[in-house]
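In what comes next, chain A is part of two complexes: it sits with chain B in the first one and with chain C in the second one.
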Partner chain A sequence: MTQGRYPEVTGPAPGLRFGAGRLARFAKGVVWLLVVVLVAVSITFALSRIVPADPARLAAGLEAGPEQVERVRQDMGLDDPVMVQYVRYITGLVRGDFGDSIRTRGPILDDVVEALPASIELIVVSFTIFAALGILAGAAWAYWPRGVHAVLLRVVAVAGSAVPVFWVGLLLQIFLAARPDWFPLVARLDFPVAGNLNHEAAGIAEVTGAGLLDALIARSPSAMWEAARVLFLPVMTIVIHNIALTIALTRSSLADQLDREYVRAARARGLSEWRVVVVDALRNALNPVVTMLGLQLGWLLGGVVIVEVIFSWPGIGLYAFSSFQSFDYNAIMAITVLATAGFVLVNALVGQIYPLLDPRIKEAR
Partner chain B sequence: MTVAELPAAPEAASRTRKAGRGVMWWSVATVAVLAALVLIPGLLAPADPYKLDIINRFTPPNAGNLFGTDDSGRDILSRVIHGARYSIGSAVLIITVAALVGTIYGSLAAWYGGILDRLLMRTVDVFLAFPYLVFAMAVAASMGRGLTSTIVALSLLWWPSYARMIRGQVKSILNDYHIRAAITLGARRGQILRWHVIPHTYNQLLVRFTLDIGNALVALTGLAFLGLGATPPLPEWGRMVADSKQFALLAWWYAVFPGIVIFVTVLNFVLLGEALRKRSTS
Partner chain C sequence: MSLLAVEDLTVTYPGGRRPAVKGVSLEIESGRTLAVVGESGSGKTTLALALAGLLDRRARRHASRLEINGEDLLAAGRRRWRQLRRTDISFIFQSPINSWNPTRTMIAQVRDAMSAAGHAGRMPELMDLLARVGFEDPERRLADLPHQLSGGMLQRVSIAVAVIIEPALLIADEPTSALDSTVQSEILAILGELRSEADLAMLIISHDLSVVARVADDVMVLYGGKVVEQGARAAVLGSAVHPYTRGLLDSVPRLDGDRKILLPSMEPGHLPASGCPFAPRCRLVVDDCRRVEPDLIPINDTLAACPPAASSALITT
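On to the complex of A and B.
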């Protein structure tokens, strides 16, 4: 959960080992993923049965008469016993069928696949920026603990995390996006157009759906510039909020390492400062930071909703929000399931990075 | 969302301690003010938070309306003051429920150990593996919109982190000599847990509780911003920022002031929590 102040790695406890091999570990991870997703599916399914709005009524439309609604209800299988519907839903999921959206009337999976690139672009760019900048700033702070920059970083570290993300987005819009020459299209409050790069206007083909990548494929510098400008405000909103924790944790972790005996010993042996601080101490210090970054990456899967809504960014978050607005429970269920799976997967992947930083973990396994 | 750890620069210890005490008193004073807002908003607010005054809509901040007025001509300062009850009150409620449920759950898991412990903690792991925002949307969508369903959704998602923390603490306390002494003296299980174990978790619980009120406030107002929370005309803070969105270019004060209040409140709970943590560890 997002509110843990200490990194909490979810997943099988280390004490529970079924086998030593890589395969066993992999199998265990898969089973864990399935269990979590199954629970998520079951809970959302149970919740969907107490939705106040009648899905058949919504799907049939406002003008439909009672018998039309009844027909839609039968078509959707809403007359069957709950257990039958549950089993049908699960078997559908196994086949990759998430059902149809009540709002867009198409298969939800198609909608999701279409919205995914925009979200991934936003998440990857923001994550890269705040992780890199945060580690850099935190390390600099730990190494030079005094001075103006330390005061500044302290303010950023404390204030950045306390500031509500939707408010940052709104302020950026009010005070920056009001200048159309800086940030065209995107973030114009009076301009209800999807925030992502307009491929046609930029004169490039839509290959992946992610603006930056498409511009790169088309080798069009002007389109890349445009895509970067469009990305700027949403990315900045995410970075301002998330960089705080990275800075604070890197600083405290590296400061702790720099106090250790081995650092003094390495310096006494005459090793270069670069070697001592960056290669040795920072590498050791990054372990908790990586845990935290992995969790943050997972949270971003859900956290982008707010940012996407503020900036009309046509990704998964906006899709989830629109589905929620129109009581499209099928879509909400599908997104909950996918987001949960993504969250667990990201955490599992983070687990694979530890041995790179700390070889002892590999040996222990 | 998450709130950063306040790192202590390695300065002279006495200076840090003095500064820490200053921060602590400052945040205690602010929390007292916030508590007053929650308890007696009617006495503090200069105007009726619900009174419409369409002629004076979008009045910029002035002597009569310090924070200006909103799209219906309501005094934003008065709305912010009355909103404290809904925003802070809900955050406190969420964390109280989560802490209570988590404490009972976690201490039971730690006490019984073995297969039950594993089962209970696995359930916690499953809950912690849910992306909270999406999940809260699912809960709110099924329960209907409103402050209540948001409170339920967030409490439902928050208790597992307490269960995990308390379980770890209780496990380590159970190894202490005074527990063995109590067992030897024939104290009953419930007695031991209630009187000899749980009180030792209060310190950390208080720290976590304080910090989490800030975190819950961020989550709550964020959900309200998405339309999953208080319904109009309730002056809940996140809702106010959400309502201000469409007028943002017209009336900057509408978005700015409620946001500042959220920010300052969260910041204070974070600072207070960190000050409490430092005090309990030193």
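On to the complex of A and C.
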């Protein structure tokens, strides 16, 4: 840069930075979230009416005669005009009513609330592990670009994302659960129940529905060990599949930062390598990594279906899978709404992290 | 005894056809300033980095002697070099905006530097020094991010942080080339003043002969990683004999518009594999120049690596 002077950026006075502007941004975010969810709901609703399957027929059962099917159709309101059904569905949603399930005959909301903790547990544990390990491995690779670990990481980075997730799951089941039975093959077979751990067998109360958390609340080390064992294989599957991107992006981003002049200047001022590499360079390098992790977390909300099916994990993914099989359209729509809202929410939260990493962003907005 | 003594320093980067710095020897005494002059790619920045232990890890450095304050640093490890940079060697970089982490406030980075050097308690002193070098209202302005300050302001912070540790050796790599000419002048004045107060040895790198004329005691001209001419400032700027130095001097724009013959331009990086690196652009070139790498020999008042210049100097004087 040959420029001599740099433009002075004068933001609003310090006192004005919070308050009105922040509130307006927040309101804008909420409106945006609602619009995205409404669009997703509308598309799913339209699709559910186009698909050539008859929910009334499925709900009435295979032995039901035509009159019975017709009665069920009227009960479910499926003979009303599509627009009426649409408005009824949306007003229901606003009241928190997702409709009833054809399969379990109960309100969808109850089923979802029961299945959600197990999925959240699986996603949170997997995400934390692959984000932390991925950043660590990627940073080490950028700092020490040559060596045995670099070759290993290259293999992991390519293989991890290239191999399909169901294949990883099956291999883990064969080599860690089937032959040496170190880990349970599947979480539980008697679906649908909440939790990924047999609470009764472990002798702990079901508080949250997430096994690890309940064991922690019950202060039972043996139950925690059991919950961890149950979690291990599905978590490994998700980690192996997702960690590659984190490693690769952290590596290239940090390598780019380490080549910058400010890194050399910090070293010239006698700063320790820890300060230079972690406090200065890695923090700057994390910006794109955070973007990608946010997207990955969003994808996981919908992407756990396969993993939950492989390991019979009694979460929202397995619930979705069973609902697809029986064309339980209310359940499918509810899951779509949840996944969409979750995705938008996660990305909104990620947007709050950027200014912490790079204060110039706060100013630019 | 010289504060900095270097003999036969050679630095090679992997994949480089020629060493970036080849067989450079130099000495600087306390209180004196050596200016290293040369165009981009002449190896002057590599030389400066090598003297502060800041070379890229892949670079290979060889020397027969490398001493600072009488301490032999040929075998010094990274830890020792870092310690030296905290206490004895300071470095000022060319681009002030790139010398600071863009995402952290100046005060946080200045504090980091001060505590690394073991001077965490001397922040008030630094504030005074900043005010003295024309950085107004340091307590408030340092809370800003680097891009909120001007290049001249940032370079003042770099200089203050560099000199407050009272280094024995101050290396400044083109400290003013990224600045406006008025700011350039102020920065040079500050550097000169602080240097004469502190009695430190200074190595200043520049391609700008007007800068050299203002601050240097001695001048060394690099071309293609080799020293082609060196001597006292007056001798090199006044009666240089090497055709490259002459070319540099003749390239300085003059108000009277009377330009002499300009150096034939050349794409950087296309240096000959053997012989004198300047041979392809030289007006005095003879066959021997392409075969033998010339050594520095005394010609008139300077040392120059140019045997043909020696013979023509005899004729012209």
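A few notes on this one:
The rule we apply is simple: the second predicted complex is superposed on the first by the 331 of 365 C-alpha atoms of A that agree within 3 Å, B and C clash if a C-alpha of one lies under 4 Å from a C-alpha of the other, contacts with A are read in each partner's own complex, and residues count from 1 in each chain.
Note that contacts are C-beta pairs under 8 Å (C-beta built on N, C-alpha and C of every residue); 3 or more make two chains touch, one makes a residue touch a chain.
Just so it is clear, the structure is predicted and the values come from calculations on it, not from any experiment.
In the overlay built on the shared chain, the residue A:115 is in contact with neither chain B nor chain C.
Of the two partner chains, neither chain B nor chain C is touched by A:318.
By the touch criterion defined above, A:251 reaches chain B but does not reach chain C.
Chain A has more of its residues touched by B than by the other of chain B and chain C.
Contacts of A:265 after superposition: chain C is touched, whereas chain B is not reached.
Of the two partner chains, neither chain B nor chain C is touched by A:137. Touch criterion met: A:161 reaches chain B, while chain C stays clear of it.
Contacts of A:275 after superposition: chain C is touched, whereas chain B is not reached. Residues 1-5, 8 of chain A contact both chain B in one complex and chain C in the other. Across the interface of their complex, chain B is touched by residues 1-5, 8, 10-13, 16, 35-36, 39-40, 44, 47-48, 50-52, 145-146, 150, 154, 157-167, 170-171, 173-174, 178, 189-190, 241-242, 244-245, 247-249, 251-252, 255, 296, 298-299, 301-303, 305-306, 309-310, 320-321, 324-325, 327, 329, 332-333, 335-336, 339-340, 342-344, 347 of chain A.
The residues of chain B lying in touch with chain A in their complex are 1-7, 9-11, 118, 121, 125-126, 128-135, 137-144, 157-158, 160-161, 164, 208, 211-212, 214-216, 218-219, 221-222, 225-228, 238, 241-242, 244-246, 248-249, 252, 255-256, 259, 262-263, 266-267, 270-271. Those residues of chain C lying in contact with chain A across their complex are 49, 52, 54, 82-83, 85-87, 90-91, 93, 95, 97-105, 109, 112-113, 116-117, 145, 147-152, 158, 161, 177-180, 183. Interface residues of chain A, counted against chain C in their complex, comprise 1-6, 8-9, 260-262, 264-272, 275, 279-280, 283-284, 357-360.
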